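Chain IDs A, B, C, D, E and F follow the sequence of writing; residue 1 opens each chain.
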Amino acid sequence: MKTVVVTRVERAEPSAIERLAGLGVSTTHEAMGRIGLMQPYMRPIYPGAAIAGSAITVLAQPGDNWMLHVAVEQCRPGDVLVVAVTAPSTDGYFGDLLATSLKARGVQGLIIDAGVRDVRTLTEMGFPVWSKAISAKGTVKATLGAVNVPVVCAGALVHAGDVIVADDDGVVVVPRADAARIAELGAKREANETEKRQRLASGELGLDMYAMREGLAKAGLRYVETLDEA
Amino acid sequence: MKTVVVTRVERAEPSAIERLAGLGVSTTHEAMGRIGLMQPYMRPIYPGAAIAGSAITVLAQPGDNWMLHVAVEQCRPGDVLVVAVTAPSTDGYFGDLLATSLKARGVQGLIIDAGVRDVRTLTEMGFPVWSKAISAKGTVKATLGAVNVPVVCAGALVHAGDVIVADDDGVVVVPRADAARIAELGAKREANETEKRQRLASGELGLDMYAMREGLAKAGLRYVETLDEA
Amino acid sequence: MKTVVVTRVERAEPSAIERLAGLGVSTTHEAMGRIGLMQPYMRPIYPGAAIAGSAITVLAQPGDNWMLHVAVEQCRPGDVLVVAVTAPSTDGYFGDLLATSLKARGVQGLIIDAGVRDVRTLTEMGFPVWSKAISAKGTVKATLGAVNVPVVCAGALVHAGDVIVADDDGVVVVPRADAARIAELGAKREANETEKRQRLASGELGLDMYAMREGLAKAGLRYVETLDEA
Amino acid sequence: MKTVVVTRVERAEPSAIERLAGLGVSTTHEAMGRIGLMQPYMRPIYPGAAIAGSAITVLAQPGDNWMLHVAVEQCRPGDVLVVAVTAPSTDGYFGDLLATSLKARGVQGLIIDAGVRDVRTLTEMGFPVWSKAISAKGTVKATLGAVNVPVVCAGALVHAGDVIVADDDGVVVVPRADAARIAELGAKREANETEKRQRLASGELGLDMYAMREGLAKAGLRYVETLDEA
Amino acid sequence: MKTVVVTRVERAEPSAIERLAGLGVSTTHEAMGRIGLMQPYMRPIYPGAAIAGSAITVLAQPGDNWMLHVAVEQCRPGDVLVVAVTAPSTDGYFGDLLATSLKARGVQGLIIDAGVRDVRTLTEMGFPVWSKAISAKGTVKATLGAVNVPVVCAGALVHAGDVIVADDDGVVVVPRADAARIAELGAKREANETEKRQRLASGELGLDMYAMREGLAKAGLRYVETLDEA
Amino acid sequence: MKTVVVTRVERAEPSAIERLAGLGVSTTHEAMGRIGLMQPYMRPIYPGAAIAGSAITVLAQPGDNWMLHVAVEQCRPGDVLVVAVTAPSTDGYFGDLLATSLKARGVQGLIIDAGVRDVRTLTEMGFPVWSKAISAKGTVKATLGAVNVPVVCAGALVHAGDVIVADDDGVVVVPRADAARIAELGAKREANETEKRQRLASGELGLDMYAMREGLAKAGLRYVETLDEA
């Protein structure tokens, strides 16, 4: 591993990030063509949080949060800190002191493929975290990792500057260069869904609205009154 | 697999279903003789929901929610949709559009041995879901499954028309033909528990109330002041 | 296994227990030198509960809660019931009746390396539980275990009379004899943290506050503008 | 639960069972239309075992193997013992004594959704077991379950007399009434595969042999030299 | 944590250790009254190994094997190294170099609640390891732990000098002071089992040999020809 | 997702690949600076296999192996097929027919972050597979994925043409451009280890060979005869 801090991070257009925040994770993920989603074990520490921001990435060693302290300095308002680890861990790499520091810099939240602690205080502060675990186990500051190198976090590749969208459905990564295009695609999907939602709410069946009946019949679906007829 | 939709579903008496709803999962499961419980990994997406209704069953293929759209048409007011999968999956088979459609038909909730998405919207809609996972990962509509065939969902056998009881303690399945009898047994248990609760609240020990002391002594339990005496 | 109930339990000073309650799990665990923490799969059934009390320990057999009834009698106001099992289990060993009984005796909460049920009622009662699972599966009363013997619960050794501290970050065990010393160490940590929190909130970097820059450079950390320079 | 032993078990034709044994799990599962497979956590205690036989089913209580002793008497030569549990367990319900007894009755192997022990001796005896876990933890004989009632074992529904096929790929359940038909379907698949195997071994591509190219193109697959063209 | 190495370790009588090795894990665990077993996720890296020896204990930090090097010096011929970790980890703390060193000192094997690597070489060397994982992920040497302090390893309490028995069924811990007594109890069980095995092999049913029929009937077990009668 | 097949794959020098094969996973991973390792749940279907080759990558949809058939045509002698999935799956995407086809093209093995079947036949063929699961569950051919795009497989980023090294310790990914350099670094490590191994085998302690005693003392390690002194 190159034990470096990359200091120049290009970020996506603020307007694209803002639109992705409005779309949320599931719509963004659809617009991405269903790639870029972190594993579903990544859960928010409290319900209702929804953020989007530019990734500042950290690659941390087992039970060692030294690099998180280094990464704070690289964060700008609106960023999201993304922590990957070199080996599976549930340790509590992050607590209320680091959150205080990040909040002072305008960071929106933390994504960590490991554990977090002080979750009650973080909840009271309104500092959202998506993590693999909650654990009081603290960490040491002994071994170097890296900041703003590409990392794999919970199964998703993240480059510094990629847009992170996170809400109750999970966490998705949008490559920086695609942010505007994905935001646009997602907006179209959503416009489309509003009308669908109204039709479904009024009792129209998806079978009819999506014109599925013919395809189902062609694929061989049969309707029977009882299993004995099947 | 027979790729069929069984259209005739016999349901339990509404009064029995209503009584089971009142009993909740733990009492119903006890009344069942401790069978019929789904695996404990099935968790509600928000706390406090408690439902009972007749099962409309779906057997779905990996990452494919085509059959859920088919199943909607088979649902009646008060039903509960139960989705089993042919192989372990955490994909988000179900979101707010399907929930809107089910709600329009009076369906009470969803039980799915896979993932669900749009959980914030579902929570706001008050549409409860018990699932194995939460995941933004959408699904395709390419391969047939079946509707209203017997399925194994999270370790429990479910026939269409069986009564599903779900609350914060999990999900239990009551065979249709047993619903009235189980509701009655459960009501007796509960009446019995109210008195016990009062006695325990007043300080009486379970050891005395359940007359356990003799049995414990006979089984060989010894009271010692310190481990050294043991 | 010695199938005994040890009746004499020495407890820590109430003042030490009270101070540990105030410190919470993460600070207490740090003060302990980062030992004594239960596995992170132990989660509270509702957020926000925070307790500390003397452990009454139970070693229970698979799917059998007989010993929990025995243990109730050994509890005093302020105690915490700690249940270990002889083999991995998710069964619901504990529900609202046992909680009513424990509450009548002034017990503060339950720590159980297995399942719990009636969680909605327990939440309404304000009786907190930290458990490995939630499950409606009831248990029998057929095989003896032990009460107040040393147990391993969720990976941590617990002697009767040890202080249990539990909150949203997990559960930590403080040996009885160390309680006062750990409470003092923890209080010092906390005093120290208040000042740190203020400095970080005002925008000072941890890198500077903890004087990390020299150590990082000595360990070989390099700052580069882009990865190509690395 | 009905605490009964059902003594009359209808079994499939021996010739059908024999043919299913020859097909193995994967081919049988395909012939079934991809249903009836137990969860993939069911693993053999040693590689290379491959059996098929009629199920004698047991529903056992947590940490209690009383019903296994009862079930032995119901077994005939060629049968396979299938043990389901009323709650998740890894306990060692079965060891070399029970295996000796089953072997004396001509039973071919054990399928258990829990743990097994004495695995070295079982391996030396050539008595195959497919289980969820290996554990030395013994069990008690205190609570009734049932024998030859329908059970859900590792996610699959099993009736007494169903045909169990088990090998290194897992365990599949064939309903008794379907055994002959599935054996025939499977034999056709296999005949078909022999020719395919030869063509593929000679270097023919599946793309051509299965005539996939047109379908892939129609679905939108594009061939590009580099990602930049994509 | 006290960062110490305890140098004086009392060991059990070699004859008791030898007898426990002969009994194996399952019989020893039974003789212990079914306590002291490590979690079933502890698996041998190759089948067939069976050892017993005195524990030299290590408490190691996340991703840090410094203390293992320290512990080597404390080992004597016949010992077993037992490594616990302060937080869940799958890292490869141990490989062929450490094994070479331990083998040179006559150590019989390793028990580690984390990962191990170089497993092919370890297998060729005939140096057995029971571990939670296999992982090539190496570790650092940066943070102190402890040697020969009491540890909880995979759910079992281990004091230095306790007897570790490990084979294909798992790992069990026998307190040093109990070793001779447990060896004797186990030998009696085994003598008893030899006769039972012969009777079962000759076709006698456990139902009769253990005289279970009366107890089963009293508990309410009923024999029926078909479920309809139940 | 771009549903494309990238046909031009640059591969590393054969000599570098060969040397990496000789080093094995653990040494290669160390030479990489401890990055690039797949998650430890990736296990070989039989022990003893050890390969290195150029990655042909597949991104497959849930329960759909269409793209594997497409990928076969892109493989050359010495390559390794690497299959990632868009959502967690244990399905058996790969069996003996695909293995026959790959073997005919000289492919060395398969790495798949999902399930595999026909494992007995694959073992007899000597076609090694590292997978997350073994499952007889077959897959459909209905939805496009991609071939030779960058994928995240079991937590590691893989580009087509990267060198995959796999053995009993797991699977590591070496970026194509780094292959020669890493092979050289690894060879130095290994030369170094041979001498160390001999010294350790002769009884020299790692404490002395690595000159650790001073560092340990400086870090505060204390040697005590008994815990009471600590």
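Basically, contacts are C-beta pairs under 8 Å (C-beta built on N, C-alpha and C of every residue); 3 or more make two chains touch, one makes a residue touch a chain.
Because the structure is predicted, anything quoted here is derived from the model rather than measured.
The set of chains in contact with chain A as well as chain E comprises C, F.
Computed from the mean C-alpha positions, the centre of chain D lies at a distance of 30 Å from the centre of chain E. Each chain gets one centre point, the mean of its Cα atoms, and the points for chain A and chain F are 27 Å apart. Among the residues of chain C, those touching two or more other chains are numbered 2, 34, 37, 40, 86-88, 90, 135, 137, 143.
Judged by the touch criterion defined above, the protein chains form a pattern that is neither an open path, a ring nor a star, and not fully connected either.
Chain pairs recorded as touching, per the definition above, are A-B, A-C, A-E, A-F, B-C, B-D, B-F, C-D, C-E, D-E, D-F, E-F.
On chain F, the positions that touch chain D within their shared complex are 2-8, 46, 66, 69-70, 72-73, 90, 92, 95-98, 100-101, 103-105, 115, 117-120, 123, 133-138, 141, 143-144, 149.
Here chain D touches chain B in the complex through residues 1-2, 32-35, 37, 39-40, 59, 86-88, 150, 152, 155-157, going by the rule given at the top. Those residues of chain B lying in contact with chain C across their complex are 24-26, 29-30, 34, 37, 40, 43, 47-48, 50, 167-170, 172, 193, 196-197, 200-203, 205-207, 210, 212, 215-216, 219-227, 230.
Chain contact summary for the complex, chain B toward chain F: residues 61-64, 86-91, 135, 137, 139-140, 142-143.
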